Structure formats: structure tokens, C-alpha cells
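Pasting the structures in now, so scroll down.
Note that subunit A is present in both complexes that follow, paired respectively with subunit B and with subunit C.
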Partner chain A sequence: MRENSASDNFKNFLFILPALLIFSIFYIYPFFYTFILSFHRYDFISEFKFVGWDNFKEVLIYGKDWWSSIYRGGFITFWALTFQNMLAFALALAADRLTRTGKIYRVIFFVLPVLSEVIIGLLMQQMLATAPQGGDVLNHMLKNLGLASLTRDWMANDRVLLTTAIVHCWKGFGWAFVLIFAGLQTIPEQLYEAARIDGASWWQSFTNIVVPLLMPVLALVMVLTVLGTMQAFAMILALTRGAGGLTEVPVMKIYDHVRSSQVGLACAEGIVLGVILVAFSFTMLYISKQIRKKYDVLPG
Partner chain B sequence: MCLRVWPAFILAGCLLAGCANEKSSAVKAGESPAVKKIVVWHWMNDRHCAFDELAAKYKAQTGIDVEFKLFSPPDIYSQKVIAAARAGNLPDVFGILGEKKTLASFIKAGHVLDLTAYMIADHKVWQDSFFTQALEVNVFRAGNSYQAPAGVFGVPIDTTLMQFVYNKALFKKAGLDPEQPPATIEEFINMALAVKKKTGSDGFICGWGENWLLNSLAMEWAINTMGEEKFYQTIAGKVPYTDPDWISVFSQFSKLKDSGILSPNITTMINKESESAFSADRSAFSYNGSWSVNVYKQLSQNLDYAFFGLPKVSNKFPAKIWGGAGSSFMVYAKSPNKDEAVSFLKWLTQEDQQKVLAKATNNLPSVKGCESEVAPVLKPLLADFDNLTHPNNWPAYEDYRVTEVLNKGLQRIVMGLMTPDQLAKEVQEVKQRANNSN
Partner chain C sequence: MYYRAKKVFILIVLHTFLISVALSCILPFFWMVNSSFKTEKEFMDDHGLKIATNPHWENYRILVVEKQFWLYFLNSLFYTFITVFLIVIISSLAAFAFSRLQFPGKNVIFFMFLAAMMIPLPAGFVPLYVLLNKVHLINRSGYVLAMVNMGLSLSIYLLKTFFDQLPRDLEDAARIDGCNRLQIWWNVGMPLVAPALGVVIVFNALNVWNEFVLASLMFTDDRLMPLQVALMEIYHRNIVAHSLIMAALTIAALPIILLYLSMQKHFIKGLTATEVVG
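Take a look at the complex of A and B:
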């Protein structure tokens, strides 16, 4: 076999050059530029003044509102991790048993995540908000079903964050469903059969076969849920417009600061959020690895 | 092998070409000086057709083509202008949306032509044709707090001002005199309650999800409560936001909330939704800009309404109306057609053209002498032109952190989540920090 000459290497490099250029221009450069901007006061046009750690101090020390928005993002994430993913898991388990019709459910449940976040937000605003903003459809439906006692102002101050979290879960559970469903289908049927022959109960099969083998998928779903939910923005903006700060999530704050030309501050917020999410993701992957180690299902 | 490499080169070439600065339309026009074309970028949906008509008229008179390019919605337009400025690719004439600070940034970056010489030529005839407050938004005086060079940097093409508006039909239904709007906050609340009780409509609706609408009203009440001097001293950091006068201003919002006249979810509502609801007779009162005449006309032909001045919260100082800053056009300082662009703007702001715009869009003109074409419902507002106030015309501007906390706090007061005292304390803390860091 002939060794690659320098000329061949150069030609090969030319093949990846377009991809490298695109990646450098649209990913690497903005990534590093964000760090540069976070140390400056910048308004997009003329002002570009080095301010040291001021933007980070504003976020980390004085950013009471910023940490409140992290809390609200965390609250929605908690619901997404628990309610949304448990629902997705339960439905995926049920669909996994329906070998013939399982794929239909995959299509049905995946419709919601495919829809635009803004459309979902506006649609749910019509369903949940009272006039003149919304159509109060849900309350009308409840009344018509004889469940008038259940009607309430779903967007009231003390409820709007929970409402937002549930709408987010409703919209997002399809992603988790598809991933978990795909993971379940990779578990060999023989393992279930062997367990049945050995007299294992459903619960024993579930805890000793499904959970350990599905752990990489579950870890992935959890990481994606956290990343997706903490960065949720468009649906919440369309549904509540921040509800006077009650549903203001981190990306909404970043967006507001970009709009008001506080670019350096917005970049600092973006970096802080990024660091939090990266730390969480690595923690989740570590925990997943430990669980798989415990059950001795680590690859290789 | 070489043949296989070429597509990669072509793709890379295309990418680089795409990233390169597009030559500005102005420069393209400059390549053939015989055929002049002025390109104008704007965001004003409501008057695009009127602009096109005026462009055709201008061409018939001068032989110069004027192309109006509409980019909407305003957020997208703003981003486009900023991107074009960064790329050195601005058109001959453009508008800048946002605060005066943004205009100052464009000026400092050398994008905006100083129009002072044109304004003061021929014994200031062009400058004097404008309403003072309309032009003032584009004026930077020596030593201004924005650190921009002194001069006149824009041409106003209309004037807007904020006013309260009431539904006369609902007034009649509630047994109130439709020609007698409230003059004080107490009268305002009582009338709103009367309408709410008799008709079931809301007392007051506004797009307070857009918190500048809360801010503008708060500033109007602040000037009415403490006078302009003390108000400016607060911005300068010499009077604290914990001053009883400021707490009194914030208390007006809790008074509105406690009275029960506010529309549900008012703090998540945008102005368009509020306009839509008001035009459907769903509220006795609203607080909106003079542009709403055109909006209400499009939404409901039968809406019977009128504007009225700020319901006073104090008799100590006169009320000021938030306004003066309408839409303005700027000339690109590096445009090869800048003289032609200035001539066109001079022509556009002559009485005849302003009358066309005022009539077509139901906006208030920026120049004097067009009163005859102003919509009847807007005519009473002309009397307020000498009584306007706007952040863009204030001697200093408030730190963004203070404004952000103030606006959110006002929303929270309206939602019943914060007291005026708490807001005053919170705003003052941020103000002190802002003063220290600036």
C-alpha cells in the first residue's frame, strides 16, 4: 500500500476545507468572540469598551433577577425531568409491547415536537388565557363537560409558571418518547424470555434488564431535557411574554439584553448559563456511568 | 483527482463571496452619476404606499428616482440597519429605531450625516419649519451626556405622543357624559368603575406586557408629582428613588390595581392586543400613542372614542405629555448621493408632502402648517405640542439597569407582587450601584 504523499494530503485537506471554513466561521469564531464580548461594553455600533469582569459581576453578584430566572428555568426543568420523562417512559413501555402499532404511536407523539414553538405557545394561549388575550377554551370545555368546579384562571400569578411548565412538558415529551422507544427496541427479546423462564416478575425484568440497559439512553434523554428546557424561550415568550417576570427564563433575559444593546452583559449571561449546563451534563453522564458500572453493563 | 477538487474550491469561493461586503446600493448608484437613485430603508408598513406615491411625484418633478424599501417588523428592521452599519452597507437614507443613545452610537461611528448646515441655511428656514419637540429628538447639544458631537442628525417626518383614550359609547351606556373625560386619577378610577359596573367591560386596558408603556406613564406622573427639575435630579443621582414623591408615583399603580379597573392579564398583554380589545368596546379607557388613530380605524370603523390628557395625580406641578419623538430619517454620511438625499428629505418635509402623509396615515405632522389635514380626533392633541417630554430630549438618560428594575417593579406592583416602598428601595439600590460604576 502506497504511503500518502504531501500532495495527496493537501488534496485531501482541500476536501474538508469547505466544512472547516463553515465550522470556523459559524461556530469557532462566534464561540470565542462571545468570550471577548463578555469582557466589553458593546452596543453593536460604536461603543466597545473593555470593562474587565464587570459584566460577570453584574450577573453573578448583583444579578438577583438572573438567578430568579435560573430558578424558574430550573422549576420547568424539574417538571420536564420528572413528569415529562416519566410520561414518555410509560408511553414508550406501553408502545413497545404493541409490536404492530408501535410505530404509529411514534409518529403521533412526535408531531408535537415537530410543530413550531411559537405556534404551540399561541395555541395554548388561546386555550388557557382569558379574554381579551385568549379564548379561555379549556375553561369552556370544562364547563360543557360539567366540570365547572375545575375551571380557574390558568395564567394567574400563582399558577402561571406551573402552567408554562406543563405546556412545555406536553410539547416536549414526544422527543423523550421517541428516544426511549428506540432504546427499548434495542433490548434483545431473548433477555426477556430468559428472565421469564427463570421466573422473574415484570418488576424484576424492568429493574434488572430494562433500566440498566436503557441507562445510556435515559442519561441522554435527561441531558437533552435539561439542555432543551433551560434554553426554552420561544414557546414561553409566545404563551406568557414573561408574565411580568413570573415566567422569565434565562434565555429570555439574554434576549432582552441583546435587544437593548447590552451585548457584553448578554454574552456574560450566555457563558454563565453555558457553564452551568456543561457542568450538569457532565454530572449526569458521570452518574449514568456509575449506575451502568454497578449493573456491569459498561460497553467493552 | 484535480477535477474532484474543483467543487471544493468553488464552494469555498462561493462562501467567501457570500461573506464579502455587498457594495451598497448607494455606491452602485454612484458608479453611474448620470442616473441618480436614492435608496431609503424604513419599517413603516402604514405609509409605504404613501411613500411610493410621493417618490413617483418626486421623480416627476426632479427626474431622480427614490426607492423606498420596507423591512418589517421593526425588530427585523433594527437588526438589518445595525448589520448594514457594521458592514458599511447602509442606504442613502435610513431610520434608526430605539433610544437616542442608539442614534448617538451611529453618529459616533460616523454613519450619520450632520444636517446642521442644511438646517440653518437661508435663515434657518428648514429648521424653523419643524415643531421644536419633533426636531429636538435628533438634536445633540455641545457637551451632551451621550458624548456625541453637537448638531442636527435627523429629519422627523411625524410626531407621536402618548395620551389616554376613552370609549364614548361605553360612557353613554354607563350614563356618563361622553364629552367629559376625567381630569384626575380619582375621577378616572370612578368613571372606569362606573363603566365596568354598568356595561361589564373592563375599566382600563393597556399593553403593559411591553413595559415601556408602564414606564412612560410613570414618568408622566413623576413630572406631575415632583416637577421637571426634581425629576431630572433623580436621573442625575441627586434625588433618591426612595423620596416620598417617587413612592407616591409608584403608589398610583397599586391604586389602579386595588381599584379593580385593570383588565385581566394586563401585564402580559402587548399593545396590539390592547388596541384590538379597546376597538371591540371591551374597555372604557386605554393609554396609547397618537398612531392608534390609524390602528383603530383599521380595526373598527364604528369605534366612538376621544383622547384626553393625563389624569392628574397632583396639583403641585403641571402635567407633561410623553411625546415628540416620531419617526425620523437620517442620511448616510458616506453616501455618494448625500446632497441629493438631503434635498429629497427637504422636499419630503415640505407642507404639501407632510399633508399627504398626515392624511394617508392619520399621524401628526412634524412640520407646522398642516393642521388642516390632521384627523379630527387628533386635532386637540396639537395643543399639547408645546408641553411634551421624552427621554430622548432629557438632559441625561437613565442607566439601563435602573430602567429595567423600575419597569419590572411597576409590572409587579400591578400584579400585586410588590409594594411601592419595596420598588423604591430596589430601584435606589441599583441606582447607587449604577452611579458608582459610571
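Take a look at the complex of A and C:
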């Protein structure tokens, strides 16, 4: 290694300068700007007006709408955590047992996460919503299959949130599948064989080999599911356009407040949601570390 | 014999399960393409459930000629191409420096980029939009720079870990031959990190191509809209023209699907790149 002179240091620093500049202007500055904005009233036209904690009070104390949007986000997240991830886990277990065709399924399942939220949302809107907004296709498909009793208005007021959650799971399960499938493929075949020779049943090798070894992957999938779902927005906008508030999720609320020029309020909401998510993900990381310690049967 | 029968039975159950879910992924897209070839009347009659025997290209003609859909397509291509190009250059420069060069504050700055990946910013688009509004960057360059920033942290991280694993011998050789830092980065570093660059390119390209929130706030002008915003607009303006919307969705989805099928390994690596953060 050559010795570092001041001019060397400076020349080296030039390598990261473009990245640092963009990062400072478009990440660090907006990051702190959020906090400043959240204490002000601002509507893009007039000057900033300092309002103290008013925005936070409006969100935390009087924000009944805000908390119900958190509830709706949580509802969808609950379905994503249970239904989506269990489906992905089951599919991964099934595909893992097929040596040759497993990878073909991976290609198919991953189409949905590749496509944009808007495309998926609009496509499903056309399939599920009744005329004239949608094509009402699923119902006609069911009718053609002789399952007329299953047809219903999928976008009815008391059902639209569940429909949204299912569509969200449908879009997302392929992504969870790929992560879990990759995790399963790293488990050495010898472990299963050893277990079989020792007379272990399928269930025993599942609970004693697969689950412990997959714990890190599962914990990661769970954290990313929660972070992703609580911030999901474009797909839901395309699918239901908020359904008159029935599927209004937190980020949609923030987006609407920006559109209606209530910037301070939007920032306060963003901070509240951000704090909730950070608190959650650090708790989860801590828990998964503890679990990893407990299950640490194999190094690495 | 019993064992064989059991094995076959298990295989049938597994395949039935996998195929039924796989069909649920594929069929909507066949239906989408199929419906796009129908007139609105045909669509109302059979809901796109019958194969379009005489494909009807009118929807595509309307989109391309009257609605200027090609413009949105080109916009998206433009944003994606410029953003990815900038990210590749800027992040590989930075990653190379973080991995190989010495300068004061190196660890602190790298930690900042790492922290940016960890902290979820659900309302990150709000201050960004206000900022761009204030400095009059509500235009193509403002959007591209904001999108560059979005992909920067993860790209730097991916490339840095890749640079770290490379042997230094080649670089030493190049240095002895008289290459300067910039030449080493371009002539030695870049070719060696090509596999990681593939992941960075796919991840960021999809990210920009699929981005909706910031674009929808920024581009109210029709001529600047990327595809995702244009799709929503076309839907809002032609809510009852189902087959037309299907044609628009087909134009937006089919290239991505084909691209994905032709290089699916890169896509899967690219989209699960976020995994490394945890």
C-alpha cells in the first residue's frame, strides 16, 4: 500500500463524492426536512407556519381516521403474514421435493412480484369488480364452472378489505416462495437421509430439521412482509381507489394529504408510521436473534 | 409395491397443489391478452372468457395512435435507462472506493448508507416532493435524481461486498503497469464485478419501471408521464372501456414478462437482493 498523502485522500474522496452529494440532497436533507415540516403548516403556496405539536396531536389524539387506516394496514398485514407466508411455505416444501420441476414453478410464481403494483391492481380490478367499473369476470368464470353459488360482489362494502388482502397475498406469495425455496435448497440432503435411517417420520424431520434451519429465513420473510405490506399502496389504489375509505391504508392517507396540500400533517403521519415500523422491525430482529441462538444446531 | 404407489400418490398431490396455484398466476394474464383483442361489445358478451378467434387490433390502434401510448412507453424507457446508467456509474465508483481506497470518514459515510437501507421511510416521498417543488425540479431531471438516490444505498452495498471478495492481485498488477485509480476502477474493477452489476441493473431497472407514487405526484403533464401513471390515467378516463384497458395493461406487462422469462435468474436475484439487508 502506498502512503496516504492529503492529495491522495482527496482524490480517493472524489470517488464517493457523486454518491454522497445525491444521498445528502435526496435522502439526508429530506429525512430531517420531514421533522421540520411536521411542526409546520404548509400548502405549497404560502410560507411555512409553525404550529408546534398540532399536527402530531391531530394524528395521535384526534386521528380516528388515521388509526383506522393503521388497522386496515394491519388487517392486510395479518393476512399476508398468515395466509401468504403459509401458502409460500407449503408451496416451497412441495417444490423442494420435486428435483426437476421445482425450478419451473419458481419461474411461474415469480411473475407476479416482477410486475408493477398498478398492473396487478388494475388487472384484478377488472376481474373482480362488477360492471360497469369492472368486467365481473371471476363471477362469470364461476358460473360457467357450475359454481354459481360462490358468485358474489367481491367489492361489496363488507368484503372489499378482505378481497384487497387476498389480492395482496396473491401478488406477494411468489416473493416469499423464492426466499423460502432458496433456504430449503441449502439444507443438505444427508440430514433428511440420516433422519429417515433413524426412523423419523415426515413430521419429525420437518419440525427438527426444516423449521430450525429455516428460522433465519422465516424471520426475515416475516419482517420484510410486515414492512412491505404496511407500506403497500399503489396496488390498493389501482384495485379499489380507496373504496370510499374502506381500503384506505396508511400510505394512501399520507398520499391523499399531500394531494390536498396538508404537507405538515402528511409528514407527522409518516413519522408516526415510520416509528411504528422501526420499533417493530428492531423487536423482530431481536426476537429472531434469540430464536436463532436457541435453535443454533448447526454453525452457519 | 405399496411404497411405489404411495410415492406416486404423493407426487400427484404435490403437482395438483403446485399446478393449481401456478394456473392462478398464469390464467389472468392469458385472459388479459385475450380480452385486449376483443371489441367492447364482444367483451360484454363473453367477458373475455372465449378465445378471440378473429383478433381485433382496434384497441391497440387507439392506444398507439390516439392516446399516444408509445410516448409513455418511451418516457418509462428513458427514466429507467438514465437512472440505471447513473446508478451503475455512481454506485460502482463509491463501492470501489469503500472497498479499496482510504480516505477520512470512510466508515462513518458507509454506515450512513447502510442505515438508510434499514430505516423504513413510509412518507419519504413527501419531503422529497416538497423539496423538488421548492427548487423547481418538478421535471425529468428531478425525478431521475430522486430515483437514483432510491437505488443508491443497496447498489453500493451489493457492489462493495462483491469488491471485498475479489483478489487484489489484478489491481496491484495494473497499478505496477501504471494505471491510476480511475483506470483500475474501469479496466479491472468493473469487468470483475459484472455478475453483481447484472443484479444491480435488474433490481434498479424494475424499481424505476414500476415506480408509481413519486411519478404520480410529479408528472401531471401528459407528455412527461411514465407508463405506470399513464395506466392509471387511461383507466380513470375510460373506466367502462374494458378491452381498451386490457390492451393498455398488455402493452405494459408483456415486455416485462418476456424480458423476465428470458433472463429470470437475474430477475430473481435482483428482486431478492433486499434479502442481504437482513
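In the analysis below, the second predicted complex is superposed on the first by the 293 of 300 C-alpha atoms of A that agree within 3 Å, B and C clash if a C-alpha of one lies under 4 Å from a C-alpha of the other, contacts with A are read in each partner's own complex, and residues count from 1 in each chain.
The working rule: contacts are C-beta pairs under 8 Å (C-beta built on N, C-alpha and C of every residue); 3 or more make two chains touch, one makes a residue touch a chain.
In this text, all values refer to a predicted model and were calculated from it rather than measured experimentally.
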| item | value |
| --- | --- |
| First, second, both or neither for A:S261, with subunit B first and subunit C second | first |
| First (subunit B), second (subunit C), both or neither touched by A:D54 | first |
| Touched partner set for A:K11, first subunit B, second subunit C, both or neither | both |
| Partner chain in contact with A:A95 - subunit B first, subunit C second, else both or neither | second |
| Contacts of A:T240 with subunit B and subunit C, given as first, second, both or neither | first |
| Of subunit B and subunit C, the chain that contacts the larger number of subunit A residues | C |
| Subunit B versus subunit C as contact partner of A:L128, first or second or both or neither | neither |
| Partner chain in contact with A:I22 - subunit B first, subunit C second, else both or neither | both |
| Which of subunit B and subunit C A:V210 touches, first, second, both or neither | neither |
| Which superposed partner A:C169 touches (first subunit B, second subunit C, both, neither) | neither |
| Contacts on subunit A seen with subunit B and repeated with subunit C across the two complexes | 11, 15, 18, 22, 25, 44, 131-133, 259 |
| Complex contacts: residues of subunit A adjacent to subunit C | 4, 8-13, 15-16, 18-20, 22-23, 25-31, 33-34, 37, 42, 44, 87, 90-91, 94-95, 97-98, 101, 105-119, 122-124, 126-127, 131-137, 140-141, 144, 170, 174-175, 178-179, 182, 219-220, 223-224, 227, 230-231, 233-234, 237-238, 250-251, 254-255, 258-259, 263, 266-267, 269-271, 273-274, 277-278, 281, 285 |
| Footprint of subunit A on subunit B - complex, ascending | 1, 4-5, 8-9, 11-12, 15-16, 19, 75, 82, 85-86, 98, 101-102, 105-106, 108-109, 111, 205, 209, 263-265, 267-270, 273-274, 276-277, 280, 282, 400-401, 404-405, 408, 411-412, 414-417, 430, 433, 437 |
| Of subunit A, residues touching subunit B in the complex | 11, 14-15, 17-18, 21-22, 25, 43-47, 54, 58, 62, 65, 129-133, 153, 155, 157, 240-246, 256, 259-262 |
| Interfacial residue positions of subunit C with respect to subunit A in the complex | 10-11, 14-15, 17-18, 21-22, 24-26, 28-29, 31-32, 35, 43-44, 47-49, 89-91, 93-94, 96-98, 101-104, 109, 112-113, 116, 118-131, 133, 145-146, 148-149, 152-153, 156, 181, 185, 206, 209-210, 212-213, 217, 228, 231-232, 235, 239-240, 242, 245-246, 249, 252-253, 256-257, 260-261, 264, 267-268, 271-272, 274-275, 278 |
